[in-house]
Each structure stands twice: as structure tokens, then as C-alpha cells.
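In the two complexes below, chain A is the common chain; its partner is chain B in one and chain C in the other.
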Partner chain A sequence: MTNVSKIISIYAADTSGVCSALYELGGMTVVHDASGCNSTYSTHDEPRWYDKNSMIYISALTETDAIMGNDQKLIDDICSAAKELAPAFIALCGSPMPAMTGTDMNFAAEEIALVTGIETFAINTNGTHSYLYGAGQAFAKIAGNFCTERKKTDKMSVNILGATPLDFSLNGSIESIKKWLCENGFSVKTCFAMGSDLSEISHAPEAQVNLVISSSGIPAAKYFYDRFGIPFVAGVPIGKSFSETLAQNLKTAVKTGKCLFPASERISSDNGFIVTGESVYASSLAAAVTKDLSMPVKVLSTVSDSDDGSLAKGDIICRSEEELEKEFAKASLVIADPLFSPICPKGRFSALPHEAFSGRCFSKSIPNLINADISGLLTQGG
Partner chain B sequence: MLKAIDQNIPSVNIAEARFPSPFRSGLEYNAPARGTWNIVHTGMLIPEAHQIFVCARGCLRGVILTAAEMNAMDRMSWVSVSENDLYDGTMEQDVIDGVTEILNRMEKRPPCVLLFLSCVHLFAGCDFKMIIERLGEIFPDVHFTDCYMTPTMRKTVTPDCLMRKQLYEPLKAVKKDTKTAAVIGCDRPTDKASELVGLISTAGFKLTDITECKTYGEYLDIAKSSLNITYIPAAKSAGDELEKRFGTKHLYIPLSYGYEEITDCCKRLCGALEIDTPDFSENIAKAEKSLKNALGIIGDTPIAVDYTATPRPLGLCRLLSEHGFNVKRCYADVFTDEEQNDFEVLARKFPDLEIFPTVNVKMRFAADCVQKEKYLAIGQKVAYFCGTDNFVNIVAGGGLYGFEGISKIAELMTDAFYEPKDRRTVIQYKGLGCESCL
Partner chain C sequence: MIKIAVYGKGGIGKSTVTGNLAAAFASLGKRVIQIGCDPKADSTINLLGGEPVTPVMNYLREHDDEPTSVEEISKQGFGGVLCIETGGPTPGLGCAGRGIITTFSLLEDLKLFEKYKPDVVLYDVLGDVVCGGFAAPIREGYASKVLIVTSGEKMSLYAANNINSAVKNFADRSYAKVRGIVLNRRAVEDEERKVTEFAEKAGLSIVADIPRSGDIIRFEDMGKTVIEGDPECETSKRFFELAKLLLNDGENENE
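Then we have the complex of A and B:
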């Protein structure tokens, strides 16, 4: 069964993806939930929680309100909090219980917007999907609601789409991506959404190209492409050779207006290395390993339900613990989060912690691989 | 950037506060103090038991990573509930199939499985009894216990309270040992120097406690107890349930900080142990001396107490206030009924004691407020909110009880006054007292 695990962890949920995506934008995000979502998110999925304030709350749904369908309490409580806190926007998302009781989140959002006069939107979550699904929708909502005009175009400017600590931790990777872009002649217009505020984000349509660094950036990238014709390139500048390829692809996209997936242009191979994780990052790492270390690699996309274009032919989507164990057994080296190690053959494992899988367990040892030498991955094995 | 926010953090003087809920309910914030135990920590107290959670990904994430952080993933498995599962009428079979697959893939089966279902199962009318029976038929060598991760029902029965009750469900009726007593429902050992442990020992009783059990067999032996003692409010129903199931006498002697109440509880314990009640004047004198000594060192330093440190925060505030300490704040969103008397006394004698919430939306910004005075905190949440590294790091009473417990708290306050802690690191460890990979 794909939904059963004997010993491995589970990826962060859609609600955490929403909160993480919106964390730095000055809005108020409310998860309609009884209790668990807030502590799970703030403990395991949000490394900024202690040091950086953000208005992330739960509705504290009770048994009685769930049974009685008392959605008015949700609306009243949000309006009351919004009056006190004056957020830039209000985002509302649901957990399993509201999904079961059929709470109309879109209606609630409309009511709240009417009462408060604050831009309010609902995000379609129910706690059963991955963080990528939640963050992807959240980024798309921000783009759709706040990036509606293109007054000018800045040459060689780029937006970074799909940045959350769930995929990039707080280890300097995002700063390194920005530096790498500048070194390659680009100016960074905005970053969705680490290090950019809402007013900066509203200038995103002025960019010439979008760099999508995780699958969560794809829905917003598609919005910018459909609305303004801004092309996107999916990939993370990992290692030296693939970073050069990615920079070249960005320039090509500016020139041609075409969307590109350079990490998928490689040959996936059985019986070599296996890289697991979020598909854009994992595929980029696979491309880097192929180019820099001349090793055959296969990507096991362990988060998404479908390929967003990042995977190479031969890569697979694999979320079942049993199937993963079989695939790992065939590999000469598995590069994966340490919480996959119990199902990996001994001596053929290289730990690459991923906050979206292991939370804060190994967050101090997540390496920054941006435009860097990646040969260390071969020596971490355990 | 966040807009400038009126940082007028809500609080109310106790004289004007409503009991038991001083603040209106609303959206809730979660402070980064992680020391209190959750249902995973508690379940791990049963040696050799395996936990299987069946719920949506969002709910699984927190419990799975709780186990991961305590280096116990080999005792934790899960079955995720998908969107379709919510509506297609296969909930029971999905649970049975998932658990069966997990157990069939194990090299060695555990003696006991704690099977957790969630709010959505109960709302869908899932037949948990049938699931447990069917699994028992498939795996006759495994005991399955129904457990609940149901935060939606927290206002009626808290998941914590329910977990402490189910923690003893695997016990079976055995011949009782007339000279064995058990402390039930605590998540940490009771201080061996406390009057509670001392009296049991004086009476010639052997004391058992789940926190001290190393094997599943030792755990099952808890059922031999002829006297079950609880002193944490959340544990009371566990004692009641064991009395109902096995006829074991249950004595609830609540943790408190009032000399009269402690004496009364000790008297009741002596009665149950069939021994004479000793004279506690020396114990009281020791507590008084410890408090006096602490006051001499701490002086008029402002003190704040929170509900995570002890289930009786108002009782502790009262004890300290009546002994001359400068208790200025108590952080709690709601009080238990047991606190009513202390609430009324404090409202009368110390009306300026400020009550602060912990989950109110504005508490998100409370830690940013520069405190005019440096606080001595009792509890992790209050250490965070008051921005102080001088804090007593205990949760759920810390295993302290009686007059000896008061002496120990006074000593811990003195230690905290002299020795600051790394607040940011210490309060973020999950489940105080558990192993941690952080």
C-alpha cells in the first residue's frame, strides 16, 4: 500500500506549505483546525518561528462548532483578530475536519473580506496533500491577487519562485541563489517568498524570466507565463556544471520566451546513484551529479503525485515505503534524507537532510550546495 | 514587513478576572515552548509497545516527528488517510489493511500495539471496536489498544487525559499484591524524597510506576497493585477506570501547594495504607526554611508562573505570594476547578496579580515587548513571554509533591536566579525528560 509506512517519516502537509509560503508577506494565515496543525507547523515545519514574527494562527475548532456547523464563529474570530492586527491580507485554509463537515471556505473568505475590507482568499487544503500542493496554491494566489499589472520590464531581471525553508532550510541557499544570479548578469526582482515583502512581490511582473526552484513555484510561474508571457526555467543551481547550464537556459528563455526544464535533459539510469526528494531539487542534483561526478543517476520523486516536467525519462514517482526499499536495494548509493536510511542497504547511503521530511532533526547539517562543489556527497555515506 | 501593531498585550488583574476562563476564545497562537508531553511521548512509556497512527498527513506529521526527535522511529508506524478515504465508506477496512501490512512486514511483532485513530474517524462513525476485534483475530499474539488523537474533542475529554487512561488498557486482571501500590498517570517519576513515596515505603508497600518499567512484563505487573494513586488532574480518569475494571482502590490526592491540602492528602494516603498519620511539622518547617532562604536570595525580583510548569499555577502563586515573594504574573488560558479556592483567595489578598493568556493572537508579539524588570520565571512559556533566561525548567509539576516538593521548588527558584539557561535552546526541546536528537 502506498499510504503505509513501517518506519520512515512523512512529508509536511499542504497546510504547512501554505503557512510557509506566506510567512514573510505580512498577511494573516488561519488554518481552520482544532489544535494540531499549529503546533506541528511551528515546531517541525517552520524554522523562522522563534526569531521572526508572522501572523499564523489556528481557528481552534471545537467539537460543538464542527457538529453544529458554526462557521460564523470562524468568520467572527478572524474579523476580530484582523481588526486588532491589521494584516496586509488574510489567507484561510482548511484541515481534515472542515473538509469532512463541508465548511465553505470560499464563502467564509468573501464574508471576511466584506466585513474587514481586507483582501481575503481561501486556499484549498484539507491536510491530506503535500506541502508542495499547499505552497503552490498560496504562491499562485499571491501572484493572482497582488501581481496584476506590468508597468515596465527590467532587462535581465528574474523572480525566484518556490522558495520556502521546507525545501531550502535557513542555511544560506536562497542568498547563494541570489548571488549566483547576480554573478550571471541577472538582477533579482523578487523571491517568492523568502526575503521579499508584499510590496516587492507586486513588482514581479516586471521581470523578464522566472527561476522556479521547487515544484511549489510552478503554479505561479504558469500564471506569469499565461498573464504576462514571462517564461520560466525550472532548476536549482547545484554544483558547478549544472549551474552554468541553468544560467545559460535562463538567458535562452529571455531570448526565446520559452519555458525550459534543463534538469530533465539527462539520461536516468538504474543501478547507479539514486537521488530522492522534491522533483525540481532532486532532478537538479541528479543533473549536477551526472555532470560534475560523471555518475549515472536516477531520481525517485518522493513528494509529488505527478511530474511537473522536471523529471528525466526513467525517473519515477515513488511514495510507497515498500517500493522505495526495492529501488534503494538496486542502487550503488542513495542520496536521501537520513530518515530514509532504515530502508536503505547499509554502507550505501549519503545523508542529505530535507526539512520537509525530517523537520528540525538534522536542520543543522543541511548543506548549501548552490553553485558549490558537491563531491562531499560521496563521502558522507553511512 | 509586518505593520506596526498595537502591542498592548491582553491581561487582566485577578480581582477582575472571570473564573475559570479569564479570556474570550478566538484564533490561537502557539508559543515555541515544547517541553510538555504529547500523546506520543506518553504512549512510549509502555515498554516494547509499538504505536500506529492512522490519520491525515497533516496530523501524522507532528506525531511522526515527535518519535523521530526522541530517536524512536523503530516504535512508530503510520497509515495516511487520503481525501477519498474520508468519503468512500472504507475507513474500517483501510485501517485493518494498513495495520496488517505493517505488522506483516515486521521481523518481530511487538507484544502491544497502540492504534490511534483521529477526529475524522470518530465523526464518520468508524467502528473502532470492530477494528480492534478483527486485528486481534488476525494477530492473536498482539494486544491492540484503541487510542485517540482527537483534538477537536478537547473541550469534553482532552487527548492527554484520554491517553493517560488508555495507557493502562493493556493491563489484565491478575491476583493483587496487598503490599503493592502504584502511581498512575504521571509522565515522570515522583520524587523519591517526597512524603508520598516516603509514606508508601514506611507502610511496607512496594511502589510501581509506569515511568520506572523497563519491560512489558514489568508494565503488566502494575495490575498487581492494590492501591492506585493519582495526583495529576489529567490522570484521575485513569485511576477511576482501573478501579472500575479491576476493583483496585483509587486514591486521588491532587498535587497542591497549600499546607492544609497537602496534610489532608497525606492523611488520606495514610488511611489507605492503614498506617498512622505522622506529624508533618518537621516537613513543614523544612519547606518554610527553603522558602525563606529562597526569598532572601531572590528578594523582590518579579516572578511569573505558567500552567505548563504545574497543573496548579494559582496554588503556586498563592504559596509564593503569601510567603512574601513578588509574584506579578500568572499565564494560563483556563483554570481547572481545583484552582477556584486559590483564585478567590488571590483575588482578595493579591488583587493586582496579572493573568495573561498564552494563545491569544497578540501573544505572537509578547516576546518582543521589552520588560521593564527582569523576571524569574517558573515554566517554559512564561520564560519565553517574559524574555528571561532565569527560569525553573519543569513541566506537569516536575514529579515534585508535598512539602518536600515545595522545598525543591524553592531550591529550583534559587538555582534559576543564580544560573541563567539557554532559553532559546532549552524550551524548544520537545517532551522534557525524553531523549532528543536535537
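Then we have the complex of A and C:
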């Protein structure tokens, strides 16, 4: 029963990750699922829903269509909608029901592309992976389909990879990262995918380096490295000292062409602070706490399936409520989303809301820690 | 009401056994429903003179809506047996197992049992218990007994063992229990010994021994069961004996 959470919440699912990653790119994203499932995404996982239009749809799969394997209906409906809406691309995502009936989403995508002439791709989601997997696959598909040529290279230009409100909310963090990059002599080529449209994103191969700010950016970063030799640096510029380190690493990556994980170059420590959450952000925060506050920190990566290189030796991937509770009991302070607090020792909790975990519950109090003083984390209490 | 599910390896003669058993029950004056639970939808064809009923899945596909009456998805065959076929999706697509569950749910909504008031319900289920859908006929409220049809062929006995194990897996639930084995002879060398050995090992009894007979094929070619074609022949007698045994079980359970 290690995967059962009796008290704490769960992270947004892979389909939400896809929708979030593609939200601003002008494509049509269709989740093949029963009608009504869009509300999970729109009310919990997407803060842009009421302010910014996007072609996010649910196919309204019926029980009969699932039993019959009536894939043609899905194909016809999407072709009909695409004719009217003329999206820049079409992304198809699976959910538990088509996963159980073995719907061939790749075939459906090929058929739709053939009929509409629009770039169409299927993303291998089934509703049981985390948002990071879905967003990661979506970013990789965008890169693979729309970032295929490198006509020039712009010196000291950088792409930001892995940006979704699920990890960074709409609290100005992404704008702060862009500002911080400019202050360090970089020009921002594109951001996957907040604040950049598809035509800007197609220029991503012109960058000299990629800054990966969440695990969801890793698959696209690997694509750019393998295809164009563009190195990446994984880290979020949190606090003052680690932001300086990260900027230096970006410059080193430009010079050497090597991929770097500066947040993992610290000593993870038991019995000190615990930072939870998505690996790249949590590890960066841990590095910032270590450097700026001189406190020993251990990261519990609570959403990743595996270590993508961001974690330090001694950090652990821990998603089981029982295991988390045991780890929290050893810590002098737990920095985590408020929905983890019921399994934390009283008086040793510092709230750091994470939209992918608690949705909009605490989104107004998510701090922008980019290149900022982080000592406030110690005084929030809990 | 007696409710029986008939399982066995594909092609072993489940539909032949079920159709003849239905015809035997009907000839003994019982109101019978036979529900074919196989995407091939050919379970009841020999009760219907070779004129098949529209399977439930075909109805859903053609009308894109559920039927509103039992009549739209059933047909009365020999002896008044009410014939229903679940049918299934196009091979290779969708989910046939879920189709069976949906059909059962639909039949409940249409109050099939309340309206038709059958004495006997027979479920003829596809080869093996491959997923939850194909176990649906043995769940509580559906069949209470399972008959496993087998010959002495190795693969048939292998499948019979799998089915018996699958039913045993549900021993702690109020699911159907295996009543016994129907030996459908296929002229395998030493056939009786092989099946008897299997039955003893599995703790099961052989409740019927159906001889290999040209009568079955001859009457099936005419769209009939043996019971309809020649109720006096040896094969028909074996089906009548089985039907009486099961009716007797039912009476003893009611006492």
C-alpha cells in the first residue's frame, strides 16, 4: 500500500502537463476522455483558463465508443473542429479509458494529419503519470516537430525550457528569470512555453545554451543537445548565491558545450531542512538554502519517476505518504506545499505552495524566489 | 431460477452444448433465456433456424443509442427460448469484455428477468476468462453454476484447468461455483480416462458425456439443435439427462 495517500493530495496528471505545456502555442490539444474531465484541468491545474483562450478539448468519449473502439468518431470530430479553427498543430493525449482499450493514438494522429494537412502528433499519456511526464513529452514533441533547423547561432542567447504555471504559477517568476538572464548578459531566445508563441519557439535552435527550470524541460533539452549540440544547465535561480552560481554555469556551458547540474553539487544532509517537490526546483532551492542560509538540506523529490541528474547524493525520490512522514519526522524544518503539513511535525513546517500539488488553493501566496532573499522561508512557520 | 454459465476452450462445442441444453430445458416445459457472451455472436443460431438475432453491440453501433425494449435485441427460438447475443466490437478494436458488462447492465435496465420470468438462464461465454468482462457472467446475481466443456484434447483440458482456477480465485466472493465437466467427445485416444483423471485431480465430477455424433453436425447444418432434430437419439438423451440433473439440483437447493 506504499502508493496510497490517505491524507496528502496528489500531483496533477500527465494530461494536465500536456495541456499546460501547449497552452500558449496556438495548437489544438485534445484529451481523449469522457466529457466533463476538462473541468479537472480547468478548475485545478490551469490558472490561465479564464484570462487567455486556448484550444484545449476533451473528446467526450462515450462508453459505447470505448467498447466499440470507435476511433473514427474521434478522428472525424477532430478533423471537423480543425477545419473550423485552423490550429497551428494538433496534439492528441490518451487517458485511462483509451489506454485500457488499447486505442492506437499514433494511427489516429496520422489519419488526422492526412485529412487536415495540419501537423498532428500523439502524446503517450494515460492519466496515471505525473504532469512532468506529460509536459516533458509535449515540449519534446514541439521541439522535434517545429525546431528542426538552425540557420544561425546568436551569441549568449538562451532558451528557457520547462516553464508551466504548474511549477511556476503566475506570480512573476518566469518574468524574473528572464530579467535575471538579461542582467547576466544573456538574451532570451524563447521560453518553452510561457510568453513565447510557436514562431518564436521555432527559433530555439539559434540559442547557445538552454536553461532547464523543471524536469519537464529535460526531454526537449536532450533533443537540442543531441540534434544541435546545444548544452543545457538545469537549475532555477533561487536566492542570491545560487543564482550567481547558476549564471556562471550557463557561461561555462556556452564555453565548454557541456551539460551541467549545479544544484546537485551540494552535500545532502539528514536531520536538517527538508525541501520537497519537483526535482530541479527543489534541488535549486536546497542549494540556495545551503548557500544563503548555511543550513543543511535534504531534497525529497515527491513527483519525479527517476533522478534526471538534478538531485545531490543523499537526496531521495520519495512519493509514499508513509515514507514521507518518516522523513519529515527527522527534519528540523520541512519546506513543502501546505497540503503536506498534516503529515509534518507541528511547528517545523514552512509553507511553499506548489500549483501542481494544491491547485489554486494557495496560489496567491506562492512566493517569487527568483534571485531574491529567501530568509522569509524560515519565518513562515506552520 | 437456475442460472448457468458455460465455459470452455474456443471451438470445443460450448454453443452446441448450451443450445442443446436450452432446447432440452424448453422441451421439459421450462421458460429459458440463452445469452451468448461472445463477440462472434453465434451461440443461439441453432435455436433460431439459422436466422440470427441482432446482437446488442450491433444495435448500439447501428443506432448509436441504447434499445428501449428487450424485443429489439432478442428473438424467440425453438421451444420459446429467448435468444440474446452480446456481440462485440470489430475484432482488434475496443473492449469486448466491457461490452459484456454493458450488455448485462442494459438487460437489467430493461428488466429482462422481471418481465420474462425465466426458469432457466444460460450464459454461453467465450473461450477463457481473459478479463473482468468475461468473468461477469459468474458474478453475484448472474450465473450461480459453471459448466466446463472439454474434450480429451490436451489444449482443451489446459483451458478447462485455467477456467477452473479462475473460478476458484473468486472463492471468497459470492460468485458461481463449478458444477462439473461436460465431456464433449472428439474421438481422442483414451479420451474418457484423460478427462476422468483431470476431473479427479481438479476435484470435479463429469456431469455429462456427449458422444461424438454425426447427428450434431447434420442438424446444425439445418440450423437446428439435436434436441429439435431428433429428441429420441442418444445424444439428445444425454442432454435431457443433464438438464434434469441441473433441474434436480435447483429443486434440492430450493428445499
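Just so it is clear, the second predicted complex is superposed on the first by the 380 of 382 C-alpha atoms of A that agree within 3 Å, B and C clash if a C-alpha of one lies under 4 Å from a C-alpha of the other, contacts with A are read in each partner's own complex, and residues count from 1 in each chain.
Everything below uses one rule, namely that a contact is a pair of C-beta atoms (placed from the backbone, for glycine too) under 8 Å apart; a residue touches a chain by one contact, two chains touch by 3 or more.
Note that this is a predicted model, so its numbers are computed, not measured.
Contacts of A:55 after superposition on the shared chain: chain B is touched, whereas chain C is not. In the superposition on chain A, A:39 makes contact with chain B only, while chain C stays out of contact range. Of the two partner chains placed by the overlay, only chain B lies in contact with A:128; chain C stays clear of it.
When the two structures are aligned on the shared chain, A:100 is found in touch with chain B and with chain C. Annotation for chain A, partner touching more residues between chain B and chain C: B. Judged by the touch definition given at the top, the superposed model places A:12 against chain B, while chain C stays out of reach.
By the touch criterion stated above, A:69 is placed in contact with chain C alone, chain B being left untouched.
Touching of chain A by both chain B and chain C, each in its own complex, is seen for residues 63-64, 66, 100-101. Against chain B, the residues of chain A that register as touching in their complex are 1, 3-16, 26, 30, 33-40, 42-45, 49-50, 53-55, 57-64, 66, 77-78, 80-81, 84-88, 95-97, 99-101, 126-130, 197, 322, 339, 342, 358-362. Across the complex, chain A is touched by residues 1-3, 5-6, 25-30, 32, 34, 55-62, 64-65, 68-69, 73-74, 76-83, 86, 97-98, 101-102, 105-106, 118-120, 123-124, 149, 151-156, 359, 361-362, 364-365, 368, 424, 428, 430, 437-438 of chain B.
Across the interface of their complex, chain A is touched by residues 57, 60-61, 64, 89-90, 92-96, 98-99, 102 of chain C. Against chain C, in their complex, chain A makes its touches with residues 63-64, 66-71, 100-101.
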